[in-house]
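Both complexes shown next keep subunit A, but they swap its partner, so subunit B is in the first and subunit C is in the second.
Then we have the complex of A and B:
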């Protein structure tokens, strides 16, 4: 019997995970170029019935499902004048520590645009499930994750002050709001920033991508509104 | 009612919208629906939810080849098989991953050589089941909560494990690892020889390690948007995912095949056999061999007594309270296929769960009494339906 976790059937402890020999990576530069291009994903909201809002963002490499529960009452006895946000990211590919860190990063980002004051003594729980192929570092997925969370929040009817978004360029994932005039978060997985101008270029590229994403989201929401009206 | 009318307090009937009534009084809501001839989900009594099944999507080895033995690379992916099943509003995502375990337990064939017949006799009755294997399932039902797994997740996992083991779908032999040998040639080129052809067999048997290994399969089953009982969806999804499993071939380096190290510990010499590191070939994989005639699909049913008082037609006719009611005639039990939704889940205590092969063999049959009158006709009807359902799902899985 497994001593660590008796609630789940985890199988014999002696078993080892399948090990693959290290594959020689075929020219890293090439993959980097491919990845920096943003692929417009397919979007679908109101997918799950047992949560307040949900959204799935898919392209051929990613499938990111966000489910939003809330605003709902929190268990804490303290009176909170503002809403508490919690983000949990699940993935089998990335280590849990990294996912937790990204979770707290996203909480910070969300707090800057969700109208927290409107939901006192309440909590919003965001769950993100990544069913993805590992093509790149975590930062590459952040634009998609952001998109999925924002549309999930809209689906849940939670008031947000803007349609924020995120862009990815040169290992930087930068989150913007207010049409790109304000930066609300920067995530960088690895590597040094060479100098100011290179970072500035990267910022501009992220902003461009953010605007593109924002357009996609706005288009989706408008077309959904039209569909709902015709129904 | 008569008493209240006499007093001065006036009672106004309160009416609720259907969805609110369904939450306040699920029992009444369900009975009213049933009396009209359909269910709260507007399905018929014996109507199942539609199922959409997609296998192998998450494994990325979709360019499958028809020749069963050599399939294209799975690119070093840990996920060996997968299935996305959508039934009604519920999504079930199953991912099958693997591991390798060294076989320490003797197989029955090895035991025969030993003289200990008593032990053999004892194990005989168990040996039938030891020929078969199961996967280790972990069911996660996403409902917006963190923390330890719920009772439902635990029981579903356990039930899946037991059912798979006892349905004899997966044999121990199918999971046996037949490692190849990686040979470095004189010119530093590396190739891997598998014991497929006769010629290779000779070479590998020379280099073959004496230990035995088996694959261990794990299933991670995630349920999204749960609206009702999930066992049959999990089972069907697991079945479909298992059929898409491609086991990577493994090999061992020739240098490691008979590696021994002498270790000096506390003044004594001891020989330590190197623990073999089996590596998986990212380019070669084989389909997992399942016992085709045992592949089965689950369906669930509920039985409920119709409440004559909730019958709307009855209500209108017999406004008179004193009208004679023939209880025995009125109670009627109906069979509802594929229980779903809050009202049905909470009100229906009598359930029938059947796992059947499309060819009509049964793998599991469980009935929970729970108050409703389960008659022979109901049982027979549920068996017929489960066969139909099973062949329907198997067609959908094969199409993929």
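Then we have the complex of A and C:
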């Protein structure tokens, strides 16, 4: 639909974003290192003051911040019995088209576990900021992005039916739920799946990583509950 | 029967839908026979309250012999509450000889949960049918008053409520979830991104419903207490003020230019500064 958002928030039509000249570094660019194994990140939630829920996931080279707004009113003219989810990903490294595609992939994944029917006529907005160094393709970051969104949703008090997660192996990022018995999304950066057995291996590796992530998330949430209790 | 966990994380299984309370063994002491008396076992039916969901859980993973059990699973992070409740309205007791106890399980973290015994949504601020809300009149016509919903009673306001009205919130380039079925005609009609509602003229009061003159009941800018009668269509919730405790609670005289007015009777409000009296459908302040 070719309509422009005319809300005042966007400012005047001729407004342009600030552009800064690129800083040239003297040191030689390091070639991207392929990191296949999962590194346990540090987790922190409830950082931002103006959104309902937020979560930051940090490694030594990545910092992924998710912020959750809503459930809030939509501008839909139709009656929606379930809530609408929108995912916006921001990054300076990856092209916008790829990020948009990942956004719609994540919307599909989220719709499979968020209790949409509890929020009629409403919308939930998810914003993800990737503050990262490029070490790998986009799929490598998806487990961290997923983790950040899921913990953000929990922080926002939005009801979700499970703690889903995502694993990465050999170009594939596979999202699981229900202790690995259900696959809710498969993302592949490039190339076709060559043979079934290699994909099967990749599936198993992703599942293992998912279980590890789920353990991390559960531990974090339980320790958070304990902290709240002692306060 | 096992005890419920004290706290839960999303996806954690809390209890089966039906559980058996072990028969209580009581020692019969007022007789010579010291044999313990056995009571009939009691069935507990758990009902999913807020923050929980009924799911089917496979109990045997082998493909040949898989069974599913209905269990209550948590959908939130928080403490687990359980309260004795009455039988749900759609429950039919087929076997009268069985003793059944009903318990509602809820998960949440707020004081509100304790006060309402787990019935009230702790974090879900969406207006539902029957909820009492506070709204601001944005526009009136002969048939209806258009309002913006500001708050829902007994529900927490989320941190980001009102985002967009002051222009400080984050909005996606494409307009966020709000823009998914975005139409141009909608854009100019309002400023805020709050939920919108309508009070139709026949829903203003319970008596003389056909003779309501809207301009004598509400004016733009009035703060009104109303009740949700229906989720309405895509644009508006349908609201009513046909109750003594519902109606205008705060209003300013002279279309907002004068001072704050106070209700003097059911139909009029007076400003103590200027003495101006204006007509309103007032809410019972007591």
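Keep in mind that, in the parts below, the second predicted complex is superposed on the first by the 197 of 231 C-alpha atoms of A that agree within 3 Å, B and C clash if a C-alpha of one lies under 4 Å from a C-alpha of the other, contacts with A are read in each partner's own complex, and residues count from 1 in each chain.
What we mean here is this: a contact is a pair of C-beta atoms (placed from the backbone, for glycine too) under 8 Å apart; a residue touches a chain by one contact, two chains touch by 3 or more.
Note that this is a predicted model, so its numbers are computed, not measured.
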Message: For A:16, using the defined touch cut-off, is the partner it touches subunit B, subunit C, both, or neither? Pick first, second, both or neither.
response: first
- request: Applying the touch criterion given at the start, work out whether A:192 contacts subunit B, subunit C, both or neither, answering first, second, both or neither.
  value: neither
Message: Taking the superposition on A as described, I'd like to know which of subunit B and subunit C A:51 touches: first, second, both or neither.
response: both
- request: In the overlay, answer first, second, both or neither for which of subunit B and subunit C A:69 touches.
  value: both
- prompt: Which partner, once the models are overlaid, touches more of subunit A's residues, subunit C or subunit B?
  reply: C
- prompt: Touching A:157, do we find subunit B (first), subunit C (second), both, or neither?
  reply: second
Field: Touching partner for A:224 - first (subunit B), second (subunit C), both, neither
entry: second
Message: Taking the superposition on A as described, I'd like to know which of subunit B and subunit C A:131 touches: first, second, both or neither.
response: first
Message: Looking at A:88, would you say it contacts subunit B, subunit C, both, or neither? Reply first, second, both or neither.
response: both
Message: Quick check on my understanding: which residues of subunit A belong to both its subunit B contact set and its subunit C contact set?
response: 7-10, 49-51, 67, 69, 88, 125, 127
Message: Which stretch or stretches of subunit A touch subunit B in the complex?
response: 7-12, 14-21, 23, 47-51, 54, 65, 67, 69, 88, 92, 125, 127, 129, 131, 133
- request: In the complex, go through subunit A and note every residue touching subunit C.
  value: 1, 3, 5-10, 49-52, 67, 69-80, 83-86, 88, 115, 118-125, 127, 154, 156-163, 181, 218, 221-222, 224-225, 228
- prompt: Touching subunit A in the complex: which residues of subunit C?
  reply: 7, 9-11, 51, 53, 55, 58, 73, 75-79, 109, 122-126, 158-161, 163-164, 167-184, 186-188, 191, 193-196, 231-235
Query: Which bits of subunit B are touching subunit A when the two form their complex?
result: 58, 60, 76-79, 89-91, 93, 95, 97-102, 136-138, 142-144, 146, 148-149, 154, 157-158, 161, 216, 218, 220, 222, 224-227, 248, 277-280, 282
